[in-house]
Amino acid sequence: MNKEELQALLNEVKDGSVSPEEAMSKIKLMPYDDLGYAKIDTHRGVRQGENEVIYGAGKTKEQIKGIVNHMLSSGVKSVLVTRLSPESADYLKTDIPIFYDSLSQIGIAGEKPEGTNRGNIVIATGGTSDIPVAEEAALTAEYYGNKVSRLYDVGVSGVHRLFDNAELLADARVVVAVAGMEGALASVIGGMVDCPVIAVPTSVGYGANFGGLSALLSMLNSCASGVSVVNIDNGFGAGYLASMINKM
Amino acid sequence: MNKEELQALLNEVKDGSVSPEEAMSKIKLMPYDDLGYAKIDTHRGVRQGENEVIYGAGKTKEQIKGIVNHMLSSGVKSVLVTRLSPESADYLKTDIPIFYDSLSQIGIAGEKPEGTNRGNIVIATGGTSDIPVAEEAALTAEYYGNKVSRLYDVGVSGVHRLFDNAELLADARVVVAVAGMEGALASVIGGMVDCPVIAVPTSVGYGANFGGLSALLSMLNSCASGVSVVNIDNGFGAGYLASMINKM
Amino acid sequence: MNKEELQALLNEVKDGSVSPEEAMSKIKLMPYDDLGYAKIDTHRGVRQGENEVIYGAGKTKEQIKGIVNHMLSSGVKSVLVTRLSPESADYLKTDIPIFYDSLSQIGIAGEKPEGTNRGNIVIATGGTSDIPVAEEAALTAEYYGNKVSRLYDVGVSGVHRLFDNAELLADARVVVAVAGMEGALASVIGGMVDCPVIAVPTSVGYGANFGGLSALLSMLNSCASGVSVVNIDNGFGAGYLASMINKM
Amino acid sequence: MNKEELQALLNEVKDGSVSPEEAMSKIKLMPYDDLGYAKIDTHRGVRQGENEVIYGAGKTKEQIKGIVNHMLSSGVKSVLVTRLSPESADYLKTDIPIFYDSLSQIGIAGEKPEGTNRGNIVIATGGTSDIPVAEEAALTAEYYGNKVSRLYDVGVSGVHRLFDNAELLADARVVVAVAGMEGALASVIGGMVDCPVIAVPTSVGYGANFGGLSALLSMLNSCASGVSVVNIDNGFGAGYLASMINKM
Amino acid sequence: MNKEELQALLNEVKDGSVSPEEAMSKIKLMPYDDLGYAKIDTHRGVRQGENEVIYGAGKTKEQIKGIVNHMLSSGVKSVLVTRLSPESADYLKTDIPIFYDSLSQIGIAGEKPEGTNRGNIVIATGGTSDIPVAEEAALTAEYYGNKVSRLYDVGVSGVHRLFDNAELLADARVVVAVAGMEGALASVIGGMVDCPVIAVPTSVGYGANFGGLSALLSMLNSCASGVSVVNIDNGFGAGYLASMINKM
Amino acid sequence: MNKEELQALLNEVKDGSVSPEEAMSKIKLMPYDDLGYAKIDTHRGVRQGENEVIYGAGKTKEQIKGIVNHMLSSGVKSVLVTRLSPESADYLKTDIPIFYDSLSQIGIAGEKPEGTNRGNIVIATGGTSDIPVAEEAALTAEYYGNKVSRLYDVGVSGVHRLFDNAELLADARVVVAVAGMEGALASVIGGMVDCPVIAVPTSVGYGANFGGLSALLSMLNSCASGVSVVNIDNGFGAGYLASMINKM
Amino acid sequence: MNKEELQALLNEVKDGSVSPEEAMSKIKLMPYDDLGYAKIDTHRGVRQGENEVIYGAGKTKEQIKGIVNHMLSSGVKSVLVTRLSPESADYLKTDIPIFYDSLSQIGIAGEKPEGTNRGNIVIATGGTSDIPVAEEAALTAEYYGNKVSRLYDVGVSGVHRLFDNAELLADARVVVAVAGMEGALASVIGGMVDCPVIAVPTSVGYGANFGGLSALLSMLNSCASGVSVVNIDNGFGAGYLASMINKM
Amino acid sequence: MNKEELQALLNEVKDGSVSPEEAMSKIKLMPYDDLGYAKIDTHRGVRQGENEVIYGAGKTKEQIKGIVNHMLSSGVKSVLVTRLSPESADYLKTDIPIFYDSLSQIGIAGEKPEGTNRGNIVIATGGTSDIPVAEEAALTAEYYGNKVSRLYDVGVSGVHRLFDNAELLADARVVVAVAGMEGALASVIGGMVDCPVIAVPTSVGYGANFGGLSALLSMLNSCASGVSVVNIDNGFGAGYLASMINKM
């Protein structure tokens, strides 16, 4: 949907021939720009509230730069890129202002948004090795304007570390629980708080963790209520959903 | 924590020797009643906002009745029982007023709460065979006072059925997407709405669905943002979480 | 090794031509009685400290009775039978004095040994549905003369129930942690105590528990030290090992 | 079957002692050339309609060159090589005219066939990262003389991108749906068109995609009719089958 | 889309304001009837060429009868029901004329269509035990007007049985290869014919067949070209796709 | 190949126009009788040395009787039927003389062959519960004229029971090792003998045996040389192969 | 718990207002030091008997050095680091006295404790390739003051090597059985000794060992009593638990 | 057992106080040399007919050289080493005469045995990529004195290549069938021959071959009799077993 079409539609809304609801629904379903190798959803901000995000894995650095440039030139102020390799980040940097965190492989091209510091999202990890995934969640949530509290290395084998932070947890509007190995963190936190818990299994561990399967199954079978699960190592998904819930 | 202890604590709050926050955190961590075969969390309403729920599978009918009776006599007005077999429901009925839905195997002992009809939770299924799981979610959400819209049999192989209901979806505060087989419903809905989507894989199907594994993996790998997943056939978990989010 | 051979060996020990250690090792390796369908290890009490136990699953009731009768007539005072179906128990009862617990399907033929009440083994479960497996462990440990404390329904989603029993746990010489679903109980207990924890995953749950796989993987990946794991639903193995450790 | 034998057989057909059908069936079952490490099916064009294709993975560059040279010198005009590494392609180039596409690792030795542009095969992908597999399918189908329309990055999380191309899909004689992650593309397209849909799961994704398992199971469980599935990342197989159907 | 809307649209096509292609695409995306528990796709014959089929598993007999009756009263002449249990078939028979094959659990309500006997679909099985799945495919293909040749019990351990039928296979326009256990039938046939082969793995077998997994993986990894795979035991899907290809 | 054709071929052999080897190879590839639901390989005795065997699972009792009758009337003296249910056995008995062993579900229709008692095949089991599978192997091997020694309940947890029978094992020409659970029997025997060991994993056990997977993987990974493996619970396959090797 | 709080608590114990048991339990649950990326459990020696151990995998060398330095400066005399890569070991060495074993990747920073040589732990391996894991167990057990006997390369395919060491095994208080491939070592040893056996599956092997799954399942299904299992390749866990049991 | 002990035993046999059978069984169970990291089974030639073989994977080059040297200096004339990396082969070459085949990674240290060319073992592969595994089998069988016929690239998708070699197969005493992908080769050959078929699944392939699982399951489920299976890529095991059977 280009500007003219949008204008026409809005005129129809104005003169009453189209109801606002109908217009909204039409706007929601249509537009994208076609680069051949990618169809960029430039109006996703209208339809789903947040701009499209680029998943960097499996794309060439040229493709990533092409998409970022197209979006910035379309008026999008900043573009979040996840799973951005250091090589691709270096390649982008030559032309485009970019914030890059090498631990979580998060990149933000264009203007980094100023945090509005809304609500309180607590992001907890079982161990130190889970921090890269947790930071993917944290930086994503901060990108969307949320206040994030980090509570790292509070795994259940020393559960007093969690209880010592009970007040921090009690104040959370959403908790993101990031853990590998046995993944029990989500269940224990789920039993302590009365807000949604987003569980992120990680591939941290070895042997019978089978690439994160142990934590994944553990979290899916949580006996605590209010817990749901995203993909193994999917920090972005958890941060995005936490932001969505925090803004309700 | 018995009444006297609670009284004493509240007196200390009143006279300032204990801050309300400290008191809250103490109350949150303690009490349950011990029946030997079960430790009933009678103050869970204080700690987590909702009363304890009984998971009926794997418990004898005598155990279920014992727990229900204990809770009702402790002042809880109604008790939700999930996975309640018809046999156990019949056994309870002889002594206790109970609402029972045989499709979803949900039972509500005591007074069925009047719906407050808050917000709007849309519960969608891919097919007719997914309805029992969807009803477990729907009745749970209604039990906790939410307004629920049912949108059944809108699987992605006839995706126009979904688009025809785009406005209903657009009005949702939370969507619960219940699907077996390829479980694609969650992704398609996730791309249409700007609210959290709770995906419930079901064991509906045969052959390479491997008891729900196909839908589970599909939903965990959703390329749509804002989607999280609960256990296979876990309607209750989805309904509970949807309610929690809806009330934020 | 028949009596004569044993006599000869012991004479050699007496006159010093064979050391007691050498004799012990020879006695340990040899004897059994052959019923055709079973080779009964009648001297296992000598070699491994405890008499042979009958695993009832997959044996006909006639085979079980045959083995029990043979052992009792060989001078064994009591025989432990696990996974003994009610049908087989009834069949045995007609001829043989037997204690039978239908919940755990444990049978004890002959004289039930009097408990010596040694040490303290704590057997904890995540939920009520795990009790049959826990009782298999408890009755086994009691059969071998240990004192057993039952701590049932203390799953991690209400972890205060565990902490309330911290002293009981602190007094344990061994803990058996029995849990299905996410199986996190073993890790949390493992972080609280300084004694061995034997983790028993159960098949309790549904969907992505895949018959106990979720709890099994969770327990194998425990980040707590001092935790080891037995087969899914293997209460007997846990009880036996707990007894062995308790007696050290 | 050497030339003399073929001549003799055809003479028998001519004089009526052998029916053409019998002759055809004999010719179909026999000949190949034996290089020791490979038995080249030089008459496959007779038996199955298309010349033998070389699967490059797991073969040394010397083996590949040997087979290609043998086929070209046997009168085959062009040879399709799949999974041809850049190193092997370079090695072939020194002696043999070759077209090579590094994205899909497709090589065509000898004369590249001129497209006959028959029918219309639409090849769609869920995302940009699926393009290498899609190109393997597309180049294969073009090699066999089919017209191919590429429709890339139309995944179900922005399903309006698909609907915007509904006419292109409606004109297809066959659709190849290439997708990783949740693999829902095949089902949605399957519900939109009335022609065969060949689903190609890809290994694109991470975590619980388990190397393409999520998309594979999703596609096998498709609730849309007319969908069948080939191996993970098997672009060649899909392109070959699409061509076979398109020519019917 | 109701009749008025359809009329209006067709008028616009007539007066040239809407092209026939646009009209077609609009008609394709819309209509269904909503029974609450099912949304019946009454215009699927327009959109996808064949009427909607009822998958009987997981539906109550009342639901099945409700859907069948609704379709018949909407003018559909015959309704195919798959996985129809004998109980449900008996329940339908009391009111509705129905053809029922208990081996394949296929039911056809209303008028059984007369075969047009188009083309030639060969349906082959590895063994006698695969026949129920093969008949599901065969009856489906016949329902849609195709000529079907049955070639049962020609598994690869006696591969001469296949070669003896080489002419039958050579005449096929499509082959459906139905096999459990090692599932090699599809590969061997795939190497003999020059038409599409639809492979149907079955759950026939025991032990390491893991419910059909062995045949499924075998067929997905077929080294023969032109082979694609449907779900385990999915005879209907294979028959439907075979018909679709046969009609091209 | 009918009698006339066979006569003609043999005449050609006699007069030297066809070598015996060529004739043998032609006879090997051809004949079977077609019952529609089964193609009976009546000349398999010529081609593979032993008559065709009927796998009873998944066949109706009518089909089994049909095949047995056809074979007996074709001159086969006795027919081996595996996995023959008691119901089917009863059904056959009314018309056909049959030997039936309910433990192993082996049936022998017609004249039970007299044992030739060739060589020595030792069949060992880990436990009593593995005996049904072992008997399937033993009766099969005896049917083909081999001498079988049964060595049951010699599992590795009491390995002295094996060593006590070292001489019996040393005399074996082939050993069949049947075990469930950890399946270690095959490795231990494999290290003791210098003849082929055929390992048969069984589904005996529970929990993490996953239907026989534990024993299967254990046996496939045996560090002993000379061990090969057949399907889980495939006693027939082991007995047949043992016979084949014993006769070399 | 800071010093003042600890002082106060001890005063209460002294004057009798708090029992020693209550004090002990309070001290056990609280303290750790927070480095942001890690929460160091400095009082774990009080709570669980042994100081915290650093799991080196997934931590940067800077993080490891930070934690080690913090612990040493807090008065801990020596720090055990497992899975310490050679690179990280080199990095630590520049500042901190460290013992490092490159085979097992065990590092001990600070003063290496003098062995007290308590009891007797036998550590056995199936093969030479299992030694790195066995050494992780052995060095861990020695670090905690136990006497360790190494019995390497005694796999079950040459079981006489085990029996030749029967006396060594008979003297053990605990046995650690380390094996890959079929993992049968644990069962055979379990049947020979009357002390606990800790089974460590290793990832040694190829093909159907699936990264250690074969040995893991084999050990979990051991038919010998007294056997429990830790994670694949978890030498540390086995050594720690063996020490805990040995000290009882 | 050292020489003196062996001498004494043989004297006892000579004078009749020990029977030859008893002596044989004693010699079979005992001796090995202990290098600490390996216990070399120097008398395995006596006990099992063939000398011990070194599995090179997971051993350091120094360990391999140590074992080889020890064996050669103990009088063994040649030592077979499997999975010998080129680096380790180079390291051995500096001191020890060695034959090395880099394709199969087979090394033979000392004198390469002269072939006795006994019997006829046919080794067939599905494709060219399976040759390295096939050569491991072939060189092993030749090392033990067997005649080997190689029949490579005869996969079932061009099954006429197999039939063209029917006579070669008919002459085999044992067939080794090596195949990846769908692994159907074993079944087809199994149906053509009347001798044992040893199936070797390979990891050749991609996607849903899951590292060789597809071929493994296919071969285990073979409907042909006389087929048994070894581990994925285990060419040595197949060659060893084929030799053992060929010598019967």
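Should a chain be cited, it is by its letter among A, B, C, D, E, F, G and H, assigned in written order, with residues numbered from 1 in that chain.
Keep in mind that, in the parts below, contacts are C-beta pairs under 8 Å (C-beta built on N, C-alpha and C of every residue); 3 or more make two chains touch, one makes a residue touch a chain.
Since the structure is predicted, the reported quantities are computational estimates derived from the model, not experimental observations.
> Going by C-alpha centroids, which chain is farthest from chain F? Tell me that one.
It is A whose centre lies farthest from that of chain F.
> How would you label the chain D and chain H contact, same or different, if same means the shared numbers make up over half of all numbers there?
different
> Rounded to a multiple of 5, how large is the rotation, in degrees, that superposes the C-alpha trace of chain A on chain D?
Roughly 90 degrees of rotation.
> Tell me which of B-D and B-C has more C-beta pairs in contact.
B-D
> How many angstrom between the C-alpha centroids of chain E and chain C?
54
> Per the centroid of Cα atoms for each chain, what is the distance between chain E and chain H, given in Å?
48
> Which whole number of Å gives the spacing of the CA centres of chain D and chain F?
42
> So which bits of chain G are touching at least two other chains?
29, 127, 158, 163, 191-192, 207-210, 213, 216, 220-221, 225, 231-232
> Taking all chains into account, which pairs touch?
According to the stated criterion, the contacting chain pairs are A-B, A-C, A-D, A-G, B-C, B-D, B-E, C-F, C-G, D-E, D-H, E-F, E-H, F-G, F-H, G-H.
> Any idea which chain H residues touch chain F in the complex?
Touching chain F from chain H are residues 21, 24-25, 28-29, 47-50, 53, 163, 166-167, 170, 173, 191-196, 198, 216, 220-221, 225-232, 237-238, 240-241, 244-245, 248.
> In their shared complex, at which residues does chain F touch chain G?
For chain F paired with chain G, touching residues are 126-127, 155-159, 180-184, 187-188, 190-192, 205, 207-210, 213-215, 217-225.
> Which residues of chain E touch chain F in their complex?
127-129, 131, 152-154, 158, 160-161, 163-164, 204, 206-210
> Could you pull out which chain F residues touch chain E in their complex?
Within the complex, chain F touches chain E at residues 29-30, 32, 36-39, 41, 44, 55, 57-59, 63, 201, 203, 211-213, 216, 231-234.
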